[in-house]
Amino acid sequence: MSDDRRVVGTARSAVFSTYDRLFVGRGRLQQAVIGIVLLAAVGLVAAGLLAPQSDAGRLFAVLTADSTLAATLRLSVPIAFAALGGIFAEKSGVINIGLEGLLIISAFVGIWATDVTGSVWYGLIGGVLASTLLAGLFAIVCIEFRADQIIAGLAVWLIALGLAPFLSSVIYGSKNSTSVDTFPTLPDMGIPVLSDAVTAPMPVVGVAPVDIPFFGALFDASPPVYLMLLAVALSWYTLHRTAFGRWVEASGENPKALDTAGVNVHRVRYAAVLLSGVLAGVGGAALALGVGQFTGNGPTMVNGKGFIAIVAYLFGNYNPVGALASTMLFAGLDATQLTLQARDVFQVPTELVRTIPYVTVIVVLALFGRTRIPSAGGEHYESGEDE
Amino acid sequence: MSFSERAHDLLGRLVRASAFERFLISTSALLLSVFIGALIILGAGRMTDCASAAYTIAVPGKFVTTTLPGLVPGVVKSVLPGGLWPSQAVFAMGFCYDPFAVYDLLFLGALGDVLNNPLNSQFATTIAETTILMFTGVAVAVAFRADIFNIGVQGQLVVGALTTGVVLTYVAPPLAGLGVLATIVLLPLGLLLGGVAGGAYAAVPGALKAYADANEVITTIMLNFVATSIALFLVSREKYFKDPESFANQTVNLPDVALFPSWLFRARDDVSLLAFAFAVVVLVGIWYLLQHTPFGYDLRTSGLQPDAAEYGGVDADRTIVSSMTLSGALAGIGGAVYVLMVLGNFQTGVPDYGFDGITVSILAGNNPLGVGLAAFLFGVLKSGSIVVQVGSDVPPTLVGVLRGLIILFVAMPEFFRMIGQKFGSFGRPGEPVATDGGSGGGSDE
Amino acid sequence: MSNFDRREFIKATAGIGAVGLAGMAGCTGGPSDGDGTETTTEESTETTEDSEGTTTAESDVTNVGMVYATGGLGDGSFNDQAQSGIQQAAEDFNVDFNESQPDSVSQFSDYQQQYAGSTDPNYDLVSCIGFLQADSLTETAANYPEQNFQIVDSTVDEPNVGSYVFREHEGSYLVGVLAAHLTSMSFSAGAGSTQSDSTNVGFVGGRESSLIQKFEAGFKAGVKATNDDIDIQTSYVGSFNDTTAGQEAALSMYNSGSDIVFHAAGNTGTGVFQAAQDEGRFAIGVDRDQSVTKDSYANVILASMVKRVDTAVYNAVEATVNGNFQGGETTTLGLDDDGVACVYGQQLGSEIPEDVKTAVSDARQSIMDGETSVPQDPSNVN
Amino acid sequence: MTQTDTAVRLEDITKRFPGVVANDNVDLPVERGSVHALLGENGAGKTTLMNVLYGLYQPDSGRIVVDGEERDFASPRDAIDAGIGMIHQHFMLVDTMTVAENIALGNEPRKWGGLAVDREAARRDVVELSERYGFDVDPDKTIADVSVGVQQRVEILKALYRGADVLILDEPTAVLTPQEVEDLFDVLDELTDQGKTVIFITHKLGEAMHAADDVTVLRDGKNVGTVDADETTREELAELMVGREVVLDVESTPPDVGDTVLDVDALSVLDDREVPAVTDVSFVVREGEVFGVAGVDGNGQAELVEAVTGLRDPEAGSVEFDGRDVTDAPRRDRIDSGMAYIPEDRQERGLVMDFDLVENGILGSQHGAPFASGGTIDWDASRTHAEDIVEEYDVRPPDADTEAVALSGGNQQKFIVGREFERDPRLVVATHPTRGVDIGSQEFIHDRLLELRDEGRGVLLVSSKLDEVQGLSDRLAVMHDGDVMAVVDPDEIDEEELGLLMAGEYPEGYEPRSERDAEGVAQ
């Protein structure tokens, strides 16, 4: 009895606290939008259950298909890794707008290294190395030579945007590389026990993990997806629970405080920027190794994902988990957009459907966009001597 | 004071003059990029295969092994008797690409045979590229000076071009019979349309920044994608504005009277000295606006020190919106020029003039007059890259690498100052070239 | 000129890590006439003439300038197909060629003029690949009346331009027939399989345009003509270059029941093949026999709607070599002269049931006989 | 006295910066267990000297001896290892982190082989330390949420946590209320009782005499004398500091008051964090008087002034200027109708640092006559204007083409004062007009303010320097926590009463403001 009451009480307080979080302290416009979104969500679920043949019902079906989750996870990989990298760099006070460039260079080198070595894993390492090198150059330029971080970041992007297709042209005779192997999915990897476990029916329910509706996609993904989830957890842990994480925060908020506490600010910033190179490198290599080819025409295959990553971590308020959530929101919109088009659900022109993620970013930014960047973000810091 | 001291002093003072300093830094950045670009060409020349070397590095070089003994055989013998003189290279490495040849094609190729025929078609391409880059460059510069990072110039250019291309499709044909008179009406109208559309499209992120605190870097990037998609939507469907006669996604061709007259150049070169002159006038006009009008003063003040601008009675929000609008209008006019000078209609797949504009502006230190020079440099690079591709085996994407390197080096003036200080003690420990066009703070103690 | 073999070099230098100068010392690439030999030293004052020297020496060589479409080489379809045409011609005749890959539409006229205006070498033919070049070529050709041009995929009405167009819708109709038959049965071959209970196929397009819609229209018509109940999913990813989007679009189709996806999306199609492999379904290639050009996906490529751009290029070059290049004419390549064709995959072709192949060849005959008329606009497919 | 009784000894320290010798052969012996005050004017080199001791700067020559051993500090880390801790004027705290995290920063206790911060251990250590020294701090509060006084204690704890035996405090009282200052001095006593040594930097004579055992005076980078605090006098110290005898009081004649220029009524203002900073404040300023506002920094004066000058929208209440309601009028309107404003932060607000003086001279006047007409700025007129200011207000170097960034603080301030006074204003709002300005310029600015008053302009003067507001004002409002405690006659109130009011307490005989008419005590 008392248990029941406690459950009810907990539920009620959960409802109230959710309500508070959503509505309290917001402007009327924001409240209205949140309200509309909630209503639409409820309406969608209702339509999905009651009128599966209506457009709304089919939209619900699309949203809850496990292919949608699978696509969302895949599309999230490069963005989420770049966003994690961006968090480390920017939290330490170095705004890294060159994430796009890091993705591009690692995408190309990932393919090249795979082609040369024949192993996607070496390819991944190669991509990470390339991206880390470029991030190191960026770090030196910003930290040693006090470059304006925005411009230097832009330069990193432009250099990669030129260099990757250049190298591809030199090596492969065209801006598009040759095709190489790709990452297998978990069930296909042949990892003893694990690969079988996800495809075998579970004891009580009698369904294999990969066949679970919607969430089955979680068990049928490729290694980069698991790496991404792992990286998010590790990043969160590093930032919030280790001394290094505290130093990164202090370095971005008040570098002088860190300096006077006896920690070398430059070294922390170097580490953070290099880490952003490593993370973005995994993302870029995973992106290219997902399709097994580097495409170097125009904005290359990365095509703005580095910039979306910046949006993602700003939305996520520099929290790795938040960044993953907003990444999945964008990737999910993208995935849904493709599926809606294929299934011909709404008769909206494809070109306009493609703008949905971008417009969403703008609208959300306009309504809720007040993120607070670290106090010392973008500022050069020089200890003692040169002041 | 000795002569050398005086010269040194003069040099030091010149270096302290910030415009001159910017120029020095930009030039050094350019040279350094070209040097590193040469190394990349050599490196790439080792990564590819070819029948014979285009370029060889030998130690000792040919001068020592061949030329010198030929010139002064006696001297050589007297220095090192008994065949000790190196008659052939001890070390030599061949490269498939010759950096000097590549740069020759890149920089001189872009000018064509300009001395004999200043109206040659390659030089025409260079001028055409320069003209459009002047607009996008100054568009970025205006925003930069107001401390706004308008990455959306590309999108604003697309919207401007689209509007001009589409609207003139309806306005121009009825007037086509009027000849020059039609041009006098249609050209300004086309430019105005581009300017208004680009300005309106830029006002959106401006207003979002001013009144909703939305970061303009992100909103403008997003709006670039949106502009491209909308343009594709409108010109890929015959029920809207697609040319039904063409496979390509484009509007119908505008009558010649609506376009920039080619005058001295041949029509096929898609260039107009009138458009070029117009771009020059716009640059000077923007310079005047920034330096000599209250609006320019407000804009520069809020770019350098928003708090001081507010203190000086500048309405910060309105300045953000109006500078963004001006920036977008310039980009939109650039789009209109692209349609009215180069294409003759609107077509999807607009080149990256907007992103090049960022590079141009940064290289020019966000100075409207400097934009002219920087735009010409990039006009040369863009036009020259075509010559490189046709005339050599070096991938023209090299130009993209050079572009990135130039920006990187321009971003780190400290590097050049440190080098400068090794050779002399002039130069003040300055601030980096900043996105707001340079800001500093003096300390009191 | 084109005695490079970069791929070989890559294999040969396996394991060399660093890019650029760091790796230079260890590279085994570079000029094949050796490093540090006396001859190299002697030649060191020479510049690019080295590589182009042959053209001036031999006067009877035919020079061809290639201006590719914006997708660029390496797409494994359209541009590569054109390239194989010129490569074949270079093998068969005394032909030298130079290639360029424009980034944007506005560069087409620059490249066309570069070749047309060049005197060293003097180009005998400028081959313009892709319909987007038509507008600029109209102008360029008029300005260089002495220069012969070829355009592929569009018609330019100038006396010095030979135009080559294809009836893509007809070839697409055939692969539509193929797909419709296979999705209606249980078929399994290579790495893929279809289920008979799901009758569903997909089409992935590159950028929306009338040309790509010809592929879509033909494909849909072929499917519907075979079995009106089959669902067809259509997606345009907006680019010929976005492999990731191609992959996601195709995955979404496979996941909602599609057994076979036909793409007309250039390099984007690589993603479609990847998706087919991921999901154990089939794909149909375009432009070239993609089971050859993308051989790592041969186990899911049922067939390809081959469009013989190479033939068009080869024929134009051959005509130029023989001195009988005919400007001002439009050559339309359809099923009858194998300008377009349904070519079965190298690996899977033999496993496709004979009755299906018969149905396809019947449909081919019927089109050639004029009994079947294939629409060119998807909205005309009922 | 044995050697070990000296905790720290600086010998012959010289530190140069480009163009300046900040420390010139300075000797400084500090006795163990004592409080040692380092006294001097702004720019005398006090902070530089302590930064040398803390390893932030490396001296160009000289020796640092700690516990009788010569040390070479390459970084603060070395100084910390030698038992030296420093509490900077601007706190070196990370606002987004908790008290405990800040204290442990850089010395985090680890667990799991260094893979994690042992947050429990850190918290425990902090609680233990603060109990030992009688500090009252909550280890789990975020720095942004605690008061300035607590932040200072966190800084002290941070140093102690690192095992500091010698604590350096840079201007520790600048941001504190008089009561908090007293508390701080108690803390210092507690520290020295437990064997710690304290060096504190100050420019306030009274504090040095009151709280220190020894006082060393620096002037122009030189040590001009170390004295025993109990045996010296204010006059002696002042003379050491300034190098000449100083008249500390400002002469002012009785005012000749006219009409009301500024009428602030029931004004409430929020600060940047949207927290009320000014609550229900009313006062008037009349022609020909200086109305002063005294208070410890951060008690709402800044927000009050911003609301009056149009830089911040008030939450409630009204501002009437020259008989017109300007509460919601834009800033430009106020400038145009004759409100001059010497801002608190000259480098952020008052000047555009990258502009030269010609351009800075028209800041605020750029929109209309006489400098802008027909949409164009008249740069010739602007140049003449700037040159006039430079000459009249003795700005050095006397070159209107100099960029503001190249001027010293005092000259920057003189230029701003000149520009604002030359507007022919109806009202001058001056906040900390002499902060960071040398004594000569201070007198000059004071004289000019009084001249303006005598010409019949209204002056609203905000300053945290008590002698300045007290000396210049004709009426004086004391602010505490966003509220005007009282409006008093500055000639009648003594410093102690003023201190109590600033601390938010009413001395005997004073009643809450609500019972006293804001204008009631004018004459």
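A few comments on the model shown:
Chains: A, B, C and D, in written order; residue numbering restarts at 1 for each.
Following the convention adopted for this analysis, contacts are C-beta pairs under 8 Å (C-beta built on N, C-alpha and C of every residue); 3 or more make two chains touch, one makes a residue touch a chain.
Quick caveat: nothing in here was measured; it's all calculated off a predicted structure.
Chain centres were defined as the mean of their Cα atoms; on that basis the chain farthest from subunit D turns out to be C. Looking at B-D and B-C, the interface holding more C-beta pairs in contact is that of B-C.
Rounded to whole angstrom units, the spacing between the C-alpha centres of subunit C and subunit D is 74. Subunit B and subunit D have centres, each the mean of its CA atoms, that are 48 Å apart. Centre-to-centre separation between subunit B and subunit C, using Cα means, comes to 34 Å. Subunit A and subunit D have centres, each the mean of its CA atoms, that are 45 Å apart. Shared interface positions of subunit A, defined as residues touching 2 or more other chains, are 167, 170-171, 175, 296, 351, 354. None of the residues of subunit D touches two or more other chains. Residues of subunit B in contact with two or more other chains: 40, 47-48, 229, 232, 236. Chain pairs recorded as touching, per the definition above, are A-B, A-C, A-D, B-C, B-D. Subunit C makes touch with subunit A in their complex at residues 4, 6-7, 9-10, 13-17, 19, 70-76, 101, 103, 202, 208, 233-239, 241-249, 251-253, 255-256, 267, 270-271, 274, 278, 294, 296-297.
Considering their complex, residues 241-243, 246-247, 249-250, 253-254, 256-264, 375, 383-385 of subunit A touch subunit D. Of all residues in subunit B, those touching subunit D in their complex are 292-294, 297-298, 301, 304-305, 307-315, 438-442, 444-445. If you check the complex, the residues on subunit B that touch subunit C are 39-40, 42-43, 45-56, 58, 61-62, 65-66, 88-89, 91-96, 98, 100-101, 104-105, 121-122, 125, 229, 232, 236, 246-250, 253, 266-270, 338, 342-343, 345, 347-352, 383, 386-387, 389-393.
Within the complex formed with subunit C, the subunit A residues making contact are 65-68, 70-71, 74-75, 109, 115-117, 126, 129-130, 167-168, 170-182, 185, 287, 290-293, 295-298, 301, 303, 334-335, 338-339, 341-344, 350-351, 354.
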